[in-house]
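The letters A, B, C, D, E and F name the chains in turn, as written, and every chain counts its residues from 1.
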Amino acid sequence: MERVRYFEDYEVGEARETLGRTITETDMVIHAGHSGDFFPHHMDAEFCKTQPFGQRIAHGTMTFAIGIGLTATEINPRAFTYGYERLRFPRPVFAGDTIRSTVTIGRKAEDPKRPRHGQVVEIVETRNQRGETVMYCEHILLAERRQPADPA
Amino acid sequence: MERVRYFEDYEVGEARETLGRTITETDMVIHAGHSGDFFPHHMDAEFCKTQPFGQRIAHGTMTFAIGIGLTATEINPRAFTYGYERLRFPRPVFAGDTIRSTVTIGRKAEDPKRPRHGQVVEIVETRNQRGETVMYCEHILLAERRQPADPA
Amino acid sequence: MERVRYFEDYEVGEARETLGRTITETDMVIHAGHSGDFFPHHMDAEFCKTQPFGQRIAHGTMTFAIGIGLTATEINPRAFTYGYERLRFPRPVFAGDTIRSTVTIGRKAEDPKRPRHGQVVEIVETRNQRGETVMYCEHILLAERRQPADPA
Amino acid sequence: MERVRYFEDYEVGEARETLGRTITETDMVIHAGHSGDFFPHHMDAEFCKTQPFGQRIAHGTMTFAIGIGLTATEINPRAFTYGYERLRFPRPVFAGDTIRSTVTIGRKAEDPKRPRHGQVVEIVETRNQRGETVMYCEHILLAERRQPADPA
Amino acid sequence: MERVRYFEDYEVGEARETLGRTITETDMVIHAGHSGDFFPHHMDAEFCKTQPFGQRIAHGTMTFAIGIGLTATEINPRAFTYGYERLRFPRPVFAGDTIRSTVTIGRKAEDPKRPRHGQVVEIVETRNQRGETVMYCEHILLAERRQPADPA
Amino acid sequence: MERVRYFEDYEVGEARETLGRTITETDMVIHAGHSGDFFPHHMDAEFCKTQPFGQRIAHGTMTFAIGIGLTATEINPRAFTYGYERLRFPRPVFAGDTIRSTVTIGRKAEDPKRPRHGQVVEIVETRNQRGETVMYCEHILLAERRQPADPA
């Protein structure tokens, strides 16, 4: 649902947690067909038996898409995505794992080129049912300011 | 197909280009259902008519998944993904746009913690049919070395 | 296939049974993505372990869509759907259950506003492999009459 | 997100409106494949040109699934679905239509057999971009009471 | 629905026609993801503009799967598929074309190795809305005989 | 990727093998919805328990689409598909089986009607993880000649 927030309204340290979602073999098959990536690490159970993890693992792009998708419950019409930094997949996701994401406001910064906006960095951490981090990234938002920054 | 490459085999500046793929309304609907992100920017044509772009735009997570998926034609069993940096979406992708990705070896670096591997940074740029960049990221690989680095 | 039937041709008590279909985890994932309903009762296996049923359950809207879809083998160009009454889900559907539907002509009635049509009420009952009813509804059809009803 | 509400907390007349969603040809194809209903009214553009509406129309079961799915943003762990009444499709949905649902608390009632619960009837109306109602139903919830009803 | 037929019951020349189905861009995207074939003839509208047909064309494997799928309305428990011969795609299928299949019993033959079965060859022709054949194949069934063939 | 080859370049006996892919219950559900074939052999686990194989089996059209799709890694702009012969499914494919295809140039022939092309017959054999053949067909290509054939 819509929740209007300006740059000034974000507080470093505030956090929210999403619902959980069980990742299924279906998600892997749909993601392969959607992305076009049919690498054997995701699609060939026999090959995977010979590898360290012993089973098919989720595509990183899928863990990202679903890990971020879980956070898509609040629309802020005063902010938009600038990009992502430090996207990492510390552990694999397997079919049957249940993941949820935590979004924490990590830091705020002026944007030298855009006096009417400020940068808000959301730390997104996606964890599985054992609490292990399976995805980490920094989501950089540009949020409108109620008042333009001083031309320092 | 498999193409074995060690850290030493990558050359800065070498590049490859993928096939093209037309992004469709179908991809947007599938991505919404796959990721769970039904924000009106992607799903509500009436709302989008009131916005600057005038039409539905692709999810960033989809442009990333497909832009990277297009590159999934060569499997190197001696390398794996460490993460991504500087993921950006300079322009939106609309239904009907045709995108393709270019992968360029941008730089190579020692990995201080892993003497048996080196970091290879692939610059991935995804462009539309007008040559405009719609996605940019730096894909960091860890590639095995033929010979371990000197313990400097 | 087409089977032309007028109001007068339906007989109360006649019944037909559909083929069976096994409901899969895939169907649940597709339905979540199709409907946009990612509630944890359907999508979060860990949450469901803490609930009375102990596992993910099918969306009611899916049991309805598939339970009715199973009956879509006969097209009557002389009838159309007016609506549904008393839609109930007496028991949950789990992944792995096999369901089939029975359609019974439950009653017929004049339609006071439409002298050229009559109401036919199909009772649709969907049962699982143990014979338990998992969906019940009354499907109200408006069927053309061979002869218009008397203006009583 | 979770929003705990007991029977006593619902007020007749309160209403909420969902986001909008554009129904696409993709949704129709996915619904046909999901439900198994490939009737020509939904799938055969040539046939539809000979019919009053002139084009393919959405399955009623899809309009229901998505119309209800749009409301799936608030989870009340103190209530569950008992069933639906008076499900109607007053007008067809075409590819390109944008729909949204309004949920209004229509009435509340004791449940003679369940003193610890009460019935809450949500009126769900789904409208297109012209404000025309394309789906109407009454969603019957059983909500826990803070205090059991008097054994009248 | 089930329709029991023995070898002796098939008559050369008998024919049935299926319902029609409009092939959509969605079907092409789903088929690419399902089959893993993302060749530019099916997926890259810009490339196709430079080719003789000027637009994306359906995968042959999809025209086959849907052309045969359209015939899947009658189950004969006394027959099973032996194989297909002479599969051809005389003209391309484009998004927006509406296809239907005709099944004609083309010939019957003894099966020298299986005295309890006979071969029934169904000619399957799939045509578009202009009556042009887009798929042709010969579907070879093995049907049980009421009476075993004479050991000639 | 593109690999230009003329008729003269193909050598009888040359072979290539594809990656492997595990066939899942998801693929069966997607194929049923895509093709419209919901026969109980593919979709009704209870029915299948009473049959010789004891479980659901893949649609032949799916084994064909995926078996051929696996080979879609090399695009030859100088050749196109003429058709397929002798399509057979010697053994069933079950959910959980991992298949891969081998493509062997089986024979080459003049094409009497097309002096600028020649026929190349690729033998496609798809095998499961036990090495058993689950699909066999002969894929007939028409490949451009560097030099037209003599008008014999």
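Here is the rule we use: contacts are C-beta pairs under 8 Å (C-beta built on N, C-alpha and C of every residue); 3 or more make two chains touch, one makes a residue touch a chain.
Please read all numbers here as calculations on a predicted model, not as lab measurements.
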item	value
Each chain counted as touching chain C and chain E at once	A, B, D, F
B-E, C-E or B-F - pair sharing over half of the B-D contact pairs	B-E
Pair exhibiting more inter-chain C-beta contacts, C-D or C-F	C-D
Turning angle required so that chain B lies on chain E, C-alpha fit (0 to 180°, nearest 5)	120
Chain E against chain D, contact positions shared by both copies (same if over half, else different)	different
Centre-of-Cα separation between chain F and chain E, whole angstrom	16
Intercentroid distance (Cα basis), chain F paired with chain A, Å	39
Contacts with two or more other chains, residues of chain A listed in rising order	19, 21, 25-27, 30, 34, 36, 38-40
Topology of the chain contact graph, where touching chains are joined (line, ring, star, complete, other)	complete
Chain F residues touching chain E - in the complex, by the definition given at the top	21, 27, 30-31, 34-40, 59-62, 64-66, 68-70, 72, 75, 81-89
Of all residues in chain F, those that touch chain C in their complex	25-26, 29-30, 38-40, 43-47, 56
Complex interface listing, chain A residues touching chain E	30, 32-34, 36, 38
Residue numbers on chain B that touch chain E, as the complex places them	19-22, 24-27, 30, 96, 98, 129
Touching residues on chain C, where the partner in the complex is chain E	1, 19, 73
